[in-house]
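We call the chains A, B, C and D, going by the order they appear; numbering starts again at 1 in every chain.
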């Protein structure tokens, strides 16, 4: 029986609480939130859990084995470190910290104590991304050429983070899962159109060591909502459209081949069948919660471990830096690993 | 009666020939193409035109008042200069030249001789772009925040030019028409996935002096064909989807406003009506041909004159440069005008 | 303060309960359901309401002014009659009864006692149908020519009612709201493809006295979910697509006109702008609950009163009859009114 | 070498002429059209063909082996009979005649003379319908439950035939190809909204002897163009959307199954993969022309022979009759075969 504590019952916390409810051999032991109305809602939805306004107290609670942190990003580092120091396993919201340096400290702390440190990169656990990952790993796509994502809509403007930290973080976590090559540089542009607000539009290009390329288009001020990713490979290509009610993932047996003889003129195009695999209907957060519990039980490394969380934060930092320099490319190869 | 000569009856030339056929007070006098099969096709479709395998001879023909040049880009400069020197008005395919320096020479030559030099930026004359231009000029959109275009498909790979010169040229010409601000810098990334072939995927960010931003996503190796442009403004926003059979242009009364008080928390969102104006069904090339003839008659400056053609070539050059430097931003403010 | 009693807390009841919660000057006084688990859920969600396993007791409760009936259709008649006889206003699920004869008795009972009898035709209160009704009433559409609806999906097969009673009921209630002409005949075809199950596919044609026509295509065994209605008028035409996240209602300034001279050959087509009005985001059930409360307070006739509910049931009966006769047309003009 | 004569070079004739051009071992020998401008266009496009204003003369021409008839429907019978009597094979536009009786005479005449009589049901030869036919014949779909087609748009109103004869004819010919069961009854409703013009909207239900059902929704006065057919089967289901640029045919591994025990409550739903086969890019008319030539050479029976053309005309007649009787079902089982 793994006893869970939840820090933060605002926007995302209730989803985590619901996801772990009903999973075998675990129990939502304590919910902590400073805001009395949040605690009142928690009481209604989770009558079996103890409630406290003190996150610190929950973290120190000997009845708690593992902590889920769903508080604002600026608190992730301190709360995670406190929890690890109290010997608790940690599942922390994305991004795992506001700086790569802090993420490295978190990883080191978890490693030193043999604790699970997992980042809540929810998209990685969706049926769609899981299906794409399986296709890539099975070699169906061939060599991965590019990942090209559009993630735009109207709102929700954030006050403290720009659109890169709010939206690109999703794609970075998906890229971490799908792309085995190593990112070597990033170039980004960004603009903000509301006064006194962070940038609301950005374009990011990521260069990989094998020549692959990723591109993200994120925007809070678009007339329509688009969530569409094109994935190009040497054998097949994928359209992943998260706005579709069904057939979110379409696999096209299409491509182009240059003739072996470079002086031959004609490129040949392949226009074969399209296939949309049925996706797991299981909720992503439940899959993720199961992964967290499994790793605690088996002392295993989660799919979205601290190391992947760190690389996401590094990308976010580098993208922000580049966007301040009008696309000046930032080298990613000189970044240090967590020790 | 304006007598027209056509240079090149390959892929695009027949369209130009067809567009001018039936227009009042003009005549397709001569068609020139080196390839006998092209001339045979021209004879069938335009029995009233004289045919010649010599473009030089057509250009020198005293019976020709104006020349339309639909030959490969590497010949644009020489053929245009020869035509201008023979006192002919010129309509030349896009891009008008392979370098900005050559484009400047063409502009100077036309100016010196008081001849019309027009570039065949066909998209500018479509009902869709015309409608968008009217909306912007009428102030319907408010301040233009961004232009964000996706222009991807599978094929047609070019051998001699990369995807920037092949596809981004369309967006650059549309931006020339729609955006009154001055582009100050460009950052581009590109990649090629077929050996011994030019880059087939590119992302381009253009910075404007008023803070506006344009972004182009061009790709010859995409699983599906997308031609979609989002245009964001302070009052309204536009989705221009050229793949739609109807309602290519949708105008959304949507947007976000920050409160005047920067310390106030909430941004307010506007979610009003959507409106899709009926577009002119007139073929773009016919509108363009009329513009060419009108400018010849009235000694007027065409909408897509040499100067706009030059700026497009400058953007193409700068984008290519930046893409070779992984997005390093290229300053556009130091470029010289045609003298 | 209007005190409400709710009969049935199964599939739909919770929605009604939620809709009235928070409305001014009313209170959800009692929730009645025979099933203990349903009552347990009700207790959690509506801690302020009294609970009882006896619907009869709730109906007789002197603390209850009005009753909402969300029980299976076969119980609508008896429960509604009991409530009316206890002097309660009634809001009853659609269809209001299994036969038109019973619906007439319900109407008579309510009229005799000056009580509100309202049918829960939820679609009538959606922002989309409200907007369409306004357009028609303002004369924007001109003469209404046809209403043509496709309402198909995979599942949910019902055991006791066929697809006509399950899905066509929605369109009949919308037609009641939108079409002022009088339906004079109905022809329907139906088929069932699962053994021992009611018909799962049906097509219904309704003839109106002014020449207008309505058609419904309903199907539980379709590969995709479609909710699309075309509405043709002499001035404009509407596409109402309920599967769209936004722009559910599109108004096309399109049509055809025959020349006055019948011997003239050419019909002229109008291809004007398209306009998608912003729809009220208010939940339909809340609008409906407000209408119920307003009519109780003002002794007013609800938009979806017993009379409209009766006509819907008459159409359902006639459609079922016709479908058993392979489309033999059923005359609707000889049906009697409630006395 | 089969020598072809073409009767009629108006709207459709040029397509037939183009389709046979370039096919091996055949020659477009004569083109006949009463209208001089049509002949002028024919001369330009087919300089190798002889031209005549007399269809009768072309039909009698001993240099002509087979005749393609692309004239108005009222002339199909007489021209086809004349051609058959002169010993020519015939490919005739759809519908093959204005009455089933005349169609039977044509079939008898062709049979007596051992000549090919083929009807130009073009849709049957499209890559989409061919692919669907293959899927059905391979058992992929299982038992065919229903064919449900929407074929609506704005215009082109016909003057002499109503929308059933203009649009439903396409579906009837496709159904002839796809559905092996025997149609036993038809019920149709129709309405016209332009004065002095034939009906422009119709709904047709066809009953088959195995319980399958077909339904057609045809309309010349719709705000948008829709060409969508749902095909339901016991194993899989198909969406055929002819307005899509690619993926016109989508095969869904979806369905519902009732439990063997009729008292068991739950139906189980299957929600598997979707698959869109690549379709033959070959033009339908070329495939059809090849079929015509093949049948002439091999004395074979064409896929769209006179018998299938007759059944289409019978359905059109029955549908028109039923629509005049507000859906009164017309028995199709008592129709006589061609003798």
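Basically, a contact is a pair of C-beta atoms (placed from the backbone, for glycine too) under 8 Å apart; a residue touches a chain by one contact, two chains touch by 3 or more.
This structure is a prediction, so every number in the text was calculated from the model and none was measured.
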item	value
Chain whose mean Cα position lies farthest from chain C	B
Between C-D and A-C, the pair joined by more C-beta contacts	C-D
Distance between the centres, which are taken as Cα means, of chain C and chain A, whole angstrom	44
Rounded Å distance, chain B centre to chain C centre (Cα mean)	53
Intercentroid distance (Cα basis), chain D paired with chain C, Å	40
Residues of chain B engaged with two or more neighbouring chains	224, 246, 271
Complex contact set, residues of chain C against chain D	145-146, 148, 150, 152, 154-155, 157, 159, 185, 187, 189, 191, 193-197, 201, 203, 205, 207, 211-213, 215, 217, 219-224, 230, 232, 234, 237-239, 250, 252, 254-258, 262, 265, 267, 269, 271, 322, 325-329
Complex contact set, residues of chain D against chain B	44, 224-225, 243, 245-246
Contact set on chain A toward chain D in their complex	246-247, 253, 271-278, 281
